[in-house]
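Sharing a structure here in structure tokens format.
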Amino acid sequence: MSNLSKPIPPAGGRSALAVEIRGKTFLGADGEAVRAIEEIAFEVAPASFATLIGPSGCGKTTTLRIILGLDTDFTGRLKLPEADGRIAAVFQEPRLLPWRTVEENVRLALPDAEAGRDLDELFEVLGLAEMRTRYPSELSLGLARRVALARAFAIRPSLLVLDEPFVSLDEQTAGRLRRLLTEVWSARPTTALMVTHNLREAVELSDRIVFLTERPARVRGIHEITTPRSERDTRWRETTLSAIAKRYSGVL
Amino acid sequence: MSNLSKPIPPAGGRSALAVEIRGKTFLGADGEAVRAIEEIAFEVAPASFATLIGPSGCGKTTTLRIILGLDTDFTGRLKLPEADGRIAAVFQEPRLLPWRTVEENVRLALPDAEAGRDLDELFEVLGLAEMRTRYPSELSLGLARRVALARAFAIRPSLLVLDEPFVSLDEQTAGRLRRLLTEVWSARPTTALMVTHNLREAVELSDRIVFLTERPARVRGIHEITTPRSERDTRWRETTLSAIAKRYSGVL
Amino acid sequence: MPRGAWQLLGPRLVAVVSLAGLLAIWWVAASLAHSRVLPTPPEVFDAFWRDALTGELFFHLAMTLMRVAGAFVIAMAVGSAIGILLGMNAEANRFFDPWLILFLNIPALVLIVLAYIWFGLNEAAAIGAIAVNKIPNVVVTMREGARTLDRDLEEMARVYRFSGLKTLRHVVLPQLQPYFAAASRSGISLIWKIALVVELLGRSNGVGFQINLYFQLFDVAAILAYTLAFVAVMLTIEFLLVQPFEAHSTRWRPKRARG
Amino acid sequence: MPRGAWQLLGPRLVAVVSLAGLLAIWWVAASLAHSRVLPTPPEVFDAFWRDALTGELFFHLAMTLMRVAGAFVIAMAVGSAIGILLGMNAEANRFFDPWLILFLNIPALVLIVLAYIWFGLNEAAAIGAIAVNKIPNVVVTMREGARTLDRDLEEMARVYRFSGLKTLRHVVLPQLQPYFAAASRSGISLIWKIALVVELLGRSNGVGFQINLYFQLFDVAAILAYTLAFVAVMLTIEFLLVQPFEAHSTRWRPKRARG
Amino acid sequence: AETKPTLRVGVLKFGTVNWELDAMKRAGLDGKAGVDVEIVPFAGEDASAVALQAGSVDMIVSDWLWVSRLRAEGADYTFVPYSTSVGSLMVAGDSPVENLGDLKGRTIGVAGGPLDKNWLLIQALAKKAFDVDLAAENSIVYGAPPLLTEKARQGELDAVLNFWHYAARLEAEGFRTLVSGTDAAVKMGTSGPVAAIGWVFSDGFAKEHPEAIEGFLAADKATKALLASSDEAWEALKPLMKAEDEKTFTTLRDRYREGIPSRSGAEEAKDTETLYQLLAGIGGERLVGPAKTLSPGTYYDDGKNGS
């Protein structure tokens, strides 16, 4: 099939993120082929929030890399929400430039026109205000991950891709950052796709959860959440969680 | 005070892991001093399991590094369970040798006398059986973390230090690995110290939980758990969790 | 697409095409220049054949290769050891850095003449002089490598009580591989160039000896014949030994994403 | 503990102590050898003073430094560009690798003579010949560096749409810094050695010209005087420029744990 | 049979000295004179000087100025004349330059460097005869002899001062001699051609192996006589001479024959003193070292003083 990695520009306005990947195989250094993805196909509606959940090593990061255009060696189709909108990614590791300070790492990601923008507030909410002149090697892992989040949030992307953004953070900080993410995501029409192993987190944030099977990954099922975020209280969450856990065993 | 990093050998048998760190300060590249630890002092009884919980960036990894002997520039006292027992560490990142296969990475950690030991079962439970000849760059992060766990378990340590071992793993795998950890830990008299942000995990595994404050870290409180592991059912866990959450706000 | 085309050709074939291209450029340039100082390929081949028939060329080539190989082994071993030590020990480095700069910058001529005068005009002095010329360069490169050693992996090795040898073999050396590759590739060429001077100043055989004789006669064809004979040996080593070895020792590296 | 003792001395002082040690070793050795070919420090100083008084030494030194600087800039710029390209593009590398090996192994003499013959006995030919001699060495080192570039950071830069220049400056070059340091340290010494040959073969001034003159007279003291004058310049550059610059550009590196 | 003493002579492989030694060995003249000459070939002039000092050869060919200078500094090298052939200043056959005075403002290549004896003498002559300061009023290019020869052929140089065999090759190609080193020396006051280069060995060696030195010098004389008279002897040398054509070959042969010293050592030594004074005046301490006069013993004294 054709490699449609350049999306068709939507006629007036943003379109859904559409992903379809079939039979993605890696060639290992030992010469053996590793089948990572059998078939993954899903859509994320414009300006909505989707989550990918699947067992460790099933092909989630691979899917995100394909969406980010970092791996073009696949069969299938890919359609991005905007032809050339900004994309932000929080990788599974912080991926900071070790030779640049925290602030420089964030600023470098800004488009040239906004290079001088005021970032005080962003650093403040992320608890990085004191860390702006530090180098990544002087940060704890949790702090480094927050810098990676700061970088993603700073550029005000139209597509936001997050690979387990809230691990290595204590519950309080993680909760604060989830609220920040919701704010950033809702402030402008942003399409977001997140990978997580934390079903609670997924239920709190998403409009749609895509469950994947073991490697080679297939879509196991898609769970839609229509309850507005403001109405998702503790009781609602526990019900939803147990409903999902009943259908998709092992995710909680 | 004196830097007592060489522990006094216990008179007949293993002793408790005793940690006392006062005023640990880093000198940043910008010349400013960062106070990481104000005062941390706790003990871990021989062959028991302790957990450190504290906000992101408070000094947990620093504490572990001091215990592992990787940072000797501190004031205080340190006493290891055994004078020269084996130590295993699961770092916050996998820290695998990229130029060695999964199996080689694990085998290299084995003492020379056991270099040829049968590791089939270990790789099997960790879900790495297929991955033994792969290089770390071909693994997903979750798989790489499991290799780091395999390495730590393989050497049958007398002191086991774990820095957030179960992040980036799906719930099912994480649960399996927790059970494996309990097995490894109880098979031989092992003292274990784990850092986590997951209170559920801590409650399930530990005999003692040490709560730390924000940076610069102090001990906020120590919670003892005396219920035998076999009796820690769901109900018990929920009660304990809410009791702890009440005392130490923000940890759940 | 050109990429596809390249991949169709095997790596061997690419090398042949590449060398053929070079030969063609040379041939055309030489034909256009039409000068005694830029001989055409056949003229150089004649010069090669002349000295090859008498066996002379192979004798001199063998002598030079022997010296190059000896000096290479010594220089890489000694230079790597010193370089790694200096790179890992900031204090030793601070002390010996001025010495290093001194030895880096002593002209080959001076070292060679002193070696010959003190130790006599013999093989040991020759090889020693070449090695001493090269060692500081190896030190400089390996020292940079040792400075960038990954602290995380070193700590892992310490916690798991890797012996010194195990650490060196499995942790340190693989990290230094690119520096070692750089030092040895540019090293062997530097050693060969110094060998030429060493042979000029006090040996009665070797490619350097021959090249200088032909230089006095301004026989550029013969000079190029000897040069290319050496280059041919180096190319053979590169393709049959170095590249397969490098491919093997870097097979773990993630392949660069295409596109 | 010796470590403490070292740390008490400032880095400048360590360098002075280090050089004094070297001087002492030389002095003792020369006194023991008592040979015309290993002059003592005062003899070398006399030779230095003789030519310094007439201004001659500084003139020749300046000429050589000018050539070294020119060739260095050209060689590093061209060599780094080619090296990075070859390191990042496996296909181009496969094609040009044989060329590289050829140019690595062409003797300096051949390149210099050809340059002089084709471009005349002038400064441009001299500097060009030195640069061409050095470029392959830079290429080899930078190519190794480019091969080890971090794929993760490259991907990050792509996702965040770093421009080519931004990627080069903030992502690629900092990773190549150790390779650049190695290439330039051993590079400047190589360039200076080639400059000596270039000046010997066809220039009427410069340290190489003088050294050769004194070599004909077998005046080792004068040869060493010129050599050490150049080394002194290099040491000054090292301490006043290179080391502060390096300390600045590697300040982000985690300090190696002590103990 | 009694073993003959051996003498290791370091020579340039394709150099002119090697022709003579080759002819000597070919005709067995060394054996006849009771010495076994072992030729140790080198690729550069400097190499033989290094070899002599390192004790790897017993004898080389060099010039008396070098010997005198090293003697002044304590070495015990000594000198026996070998050839009066020295360098010549050559110009192209169709060059408008007729004498040293015409050289004003031109480009001159000089092979031996700024302290080359011939170059100093020619400069002195130019000053004396034409009142031209060659070094100041021309652009002087110092460089490697083969390179300068090639540059002269290319026409980049208006004149080139080069060693005699390079000059001879140029001559065969149609260049002409503007002035030779010998001419300059004679015009500056020597009574005849002075051998600039000669056999150099240490007094110590001569004392320990007098029969080797004596035998060698006798063999040398016999070889020179042979080469002066016999054309067949030259035919055998052809491969060593690497002459491109017959014309070059005969030019090289004739120039060699011209260079055979004909005067006695004593006469030579006297002229050398004169030259030394002259050169010391022009070249200064840079050239001759601290000694103001020719170091005593520079010319080998074989004991039969005044022969």
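So that you can tell them apart, the chains are marked A, B, C, D and E in the order they are listed, and the count of residues begins at 1 in each.
Simple rule for what comes next: contacts are C-beta pairs under 8 Å (C-beta built on N, C-alpha and C of every residue); 3 or more make two chains touch, one makes a residue touch a chain.
Only a predicted model underlies this, so the values are computations on that prediction, with no experimental measurement involved.
Chain grouping by touching, computed with chain E excluded: one piece, all remaining chains connected.
Set against the C-alpha centre of chain A, every other chain centre is closer than that of E. Taking each chain's centre as the mean of its C-alpha atoms, chain A lies 48 Å from chain D. Look at where the CA atoms of chain C average out and do the same for chain E: the two points lie 39 Å apart. Chain geometry summary: the mean Cα position of chain B and that of chain E are 84 Å apart.
Shared contact sites, meaning residues of chain C that touch two or more other chains, fall at 37, 113, 117, 155, 208, 211-212, 215, 251-254, 257. Multi-chain contact residues of chain A (touching two or more other chains) are listed as 29, 70, 93, 135, 138.
In chain E, the positions touching at least two other chains are 46, 53, 144, 150. Taken in their complex, chain E has these residues touching chain C: 12-14, 40-44, 46-47, 50-51, 53-56, 144-146, 149-150, 242. Within the complex formed with chain E, the chain C residues making contact are 37, 113, 116-117, 120-122, 199-202, 204, 208-213, 215-219. Against chain B, the residues of chain A that register as touching in their complex are 26, 28-30, 32, 34, 53-57, 60-61, 92-93, 127, 133-135, 138-143, 146, 164, 167-174, 197, 199, 250-252. By the touch rule above, chain A contacts chain D in their complex via residues 65, 68-70, 86-89, 91, 93, 95, 97-100, 108-109, 111-112, 135-138, 151, 155. Across the complex, chain B is touched by residues 152-153, 155-156, 158-163, 166, 170-171, 174, 249, 251-254 of chain C.
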